[in-house]
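You will see chain A twice below: alongside chain B first, and alongside chain C after that.
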Partner chain A sequence: MGEARVYVIPCSGIGKATASVGRDATFQVIEDLRPDTTDTLCLSLLTMGDEEAVAKVIGNKVITIEGCAKDCARKNVEASGTSPDISHRVHEFLKEHRDLKPETVLDTGEGGRKLAEVLAEKVAQEVDELAGSQNRPGE
Partner chain B sequence: MKEVEIEARPTKVGVLSCSGESEAEGTIARNAVRLVMEKYRPGLIVTLCLPLYLAGDSGEREFAKKVPVIAVDGCEKACARLATEKYSGEVESWIDIRDLIRQWGVNDELSRSHPGELEQELTERVAQEIVKLVDRLVDEGRVEVEPR
Partner chain C sequence: MAVSDDAAAIVVLPCSGLDKEAGSASREIALLLSDRGVPVVCPVLYERSPKRYEKELGSRRLLVIDGCKTGCASKLAAEKGLTISKKLTVTEAARMLGVEPGKDLRLGEALRERLPQMAEQLAKTETAPPASAADTGNAYETAVTYRELTVDKFKFRVPEAGYFFNENDCWARVADGRARIGVSDYVQQSASDMIFFEPPAIGAEITIFDEAGSLETTKTALDIISPVSGKVSAINDAVVEAPELINEDPYERGWAVEIELTDFDSDRGLLMDSPAYFEYLKEKAEKEHERLYGDR
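Presenting the complex of A and B:
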């Protein structure tokens, strides 16, 4: 296995704008904010039980981001034999930032983009904490 | 008196996207399916978040039993098709976007996170491929819809 990473995994939701916010936030973290310490994977590979994908979530820290209360990302990680270290629901952030309501699945609008930024900043901080503990033996 | 058996045809077409987060083609799959749902065949398409096959209740696993399913995959790993076959039932049709794009002669690097002009164009083209498959099911009488 390669260098340890924190895997940020959004829910793959296609029916709700909040799922698009989670997906956007994930891309911000892995491509812009913490490209050296994070990665993502296709959640559908976990649904299929793909060995390589399962090994990634078992061997690394994981943060899941859910677009709704069905918690698909967390449950698919759990079905792989481990639990996410941290699990977020976009709705929790929306409750705290009611003015940042996402618009549609295909275009989350200005509010949705800002909500994704808020979420991404939070996840990036958590990545720093998890990445630190990941590199300390015994944790 | 002999009972007459009436077989009800589905009134919707299921279109299932892999939505793969790692790959640009996963983003194209997700956006193309939404385009068909919202713009090209509104009211005719139903979809499902693919991970619900594992995370949802047994209702989600009835998906392919209730409607004919078109699986739209970003790559040859075929998660949408294989997950449907594993958890729900056979698919009617399958699109492998990476293979399609190759056939179209596009070799550019694509973005999964910031779809530009090329990604938008490819999304539209994939949406039209899905529309063709949906219309074929309708034309074959596999789905009960109002005449177009």
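Presenting the complex of A and C:
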């Protein structure tokens, strides 16, 4: 297995603006904020039981981000035989930032983009903590 | 936006869309169709709660969008026994439009600009009446529609038209003096996961019912019994590279060999057309099921 990473896995994000926010936040973490310590994988691969994908979630720290209460990302990680270290629902962040309402699934608007930034910052901090523990022997 | 007649007849299943830029495009195309009133099936939710989409999937034609060649959406559809009316693989479609999908997760402008075109093409092609082999430049590209045969819990697909079969469950799809040949859905399901395809040599002369390559699966080995006579003109390299394509899409992407026909008029008399093969397979599959499982 390659270098340990923190896997940030959003739900598929079909149909809900909050799910688009979760994906946007994931992209920010993976590509902008913590490109050296994070990665993501396609949830469909876990759904289909892809061995490589399953090995990645079992062998690394995982943060899931859900667009709704169905918790598809978390449930699919659990179905792979492990549990996410941290699981977020975008709605919880929306409750704390009621002024940052996303608009539509295709265009989350200014509010949605800012909400994604807030969420991405939070996740990036969690990545640092998880990456630190991941790299310490015995943990 | 009002639901158009086309939108009322189709449902779309994209992959989760996290395989680089092409994955994001898969989801985005689905959402563009959604904006036109087409129901979108979330692949992950569908896997967990299939009943949620039972109505749409039972009454509409299914369009599938895969971001990459892994083909998760297609695999899911196959696993659930869904009949795919039309599929689009973003990486291939983008290249045809002159764009090479990038490694970034986010959509770039070049690809984003072409998404409406891809969405339109996907919906349009699927809803257009099928072209006949005679009036298309490449009949292999003609959309294939399927009938489904159910035997207990097993479902087998058979193309509604345009294919010819021998009793060895091998098919030929004829176009412009050539035929692509392959094995049926029944064969791929019975034989399990394909792991090797040993093709014949290009240029080899083959007579109807000769071997035209062999397959090895996790359960067995079998020969492709040619339904036509002629000279091998092409091999499906994609199947040589990834034999599982036969499991995923036995009648289209999973073709094995192309043969330049020498006497199809004569061969034709020894083959079944699609409706005849459907009836043949029905009897065969039911007998085999009874042999294996009895009257349980």
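Please note the rule applied: the second predicted complex is superposed on the first by the 139 of 139 C-alpha atoms of A that agree within 3 Å, B and C clash if a C-alpha of one lies under 4 Å from a C-alpha of the other, contacts with A are read in each partner's own complex, and residues count from 1 in each chain.
One rule holds for everything that comes next: contacts are C-beta pairs under 8 Å (C-beta built on N, C-alpha and C of every residue); 3 or more make two chains touch, one makes a residue touch a chain.
Keep in mind the model is a prediction, meaning the values are calculated, not measured.
Clashing of chain B with chain C is the outcome of superposition onto chain A.
With both structures placed on the common chain, the touch criterion links A:76 to chain B and to chain C. With both structures placed on the common chain, the touch criterion links A:103 to neither chain B nor chain C. Of the two partner chains, both chain B and chain C are touched by A:44. Put simply, more of the residues of chain A are touched by B, taking chain B and chain C as the two choices. In the superposed pair of complexes, A:121 makes contact with neither chain B nor chain C. Common to the chain B and chain C interfaces on chain A are residues 10-15, 23, 26-27, 31, 40-45, 47-48, 50, 70, 72-73, 75-76, 105-106.
Partner chain B is touched in their complex by these residues of chain A: 9-15, 19, 23-24, 26-28, 31, 40-48, 50, 70-73, 75-76, 79, 104-106. Contacts from chain A toward chain C in the complex involve residues 10-15, 23, 26-27, 30-31, 40-45, 47-48, 50, 70, 72-73, 75-76, 105-106.
Across the interface of their complex, chain A is touched by residues 14-19, 23, 27-28, 30-32, 34-35, 40-45, 47-49, 67, 70, 72-73, 75-76, 79, 104-106 of chain C.
The part of chain B that touches chain A in the complex is made up of residues 17-23, 26, 30-31, 33-35, 38, 47-56, 74, 77, 79-80, 82-83, 86, 112-113.
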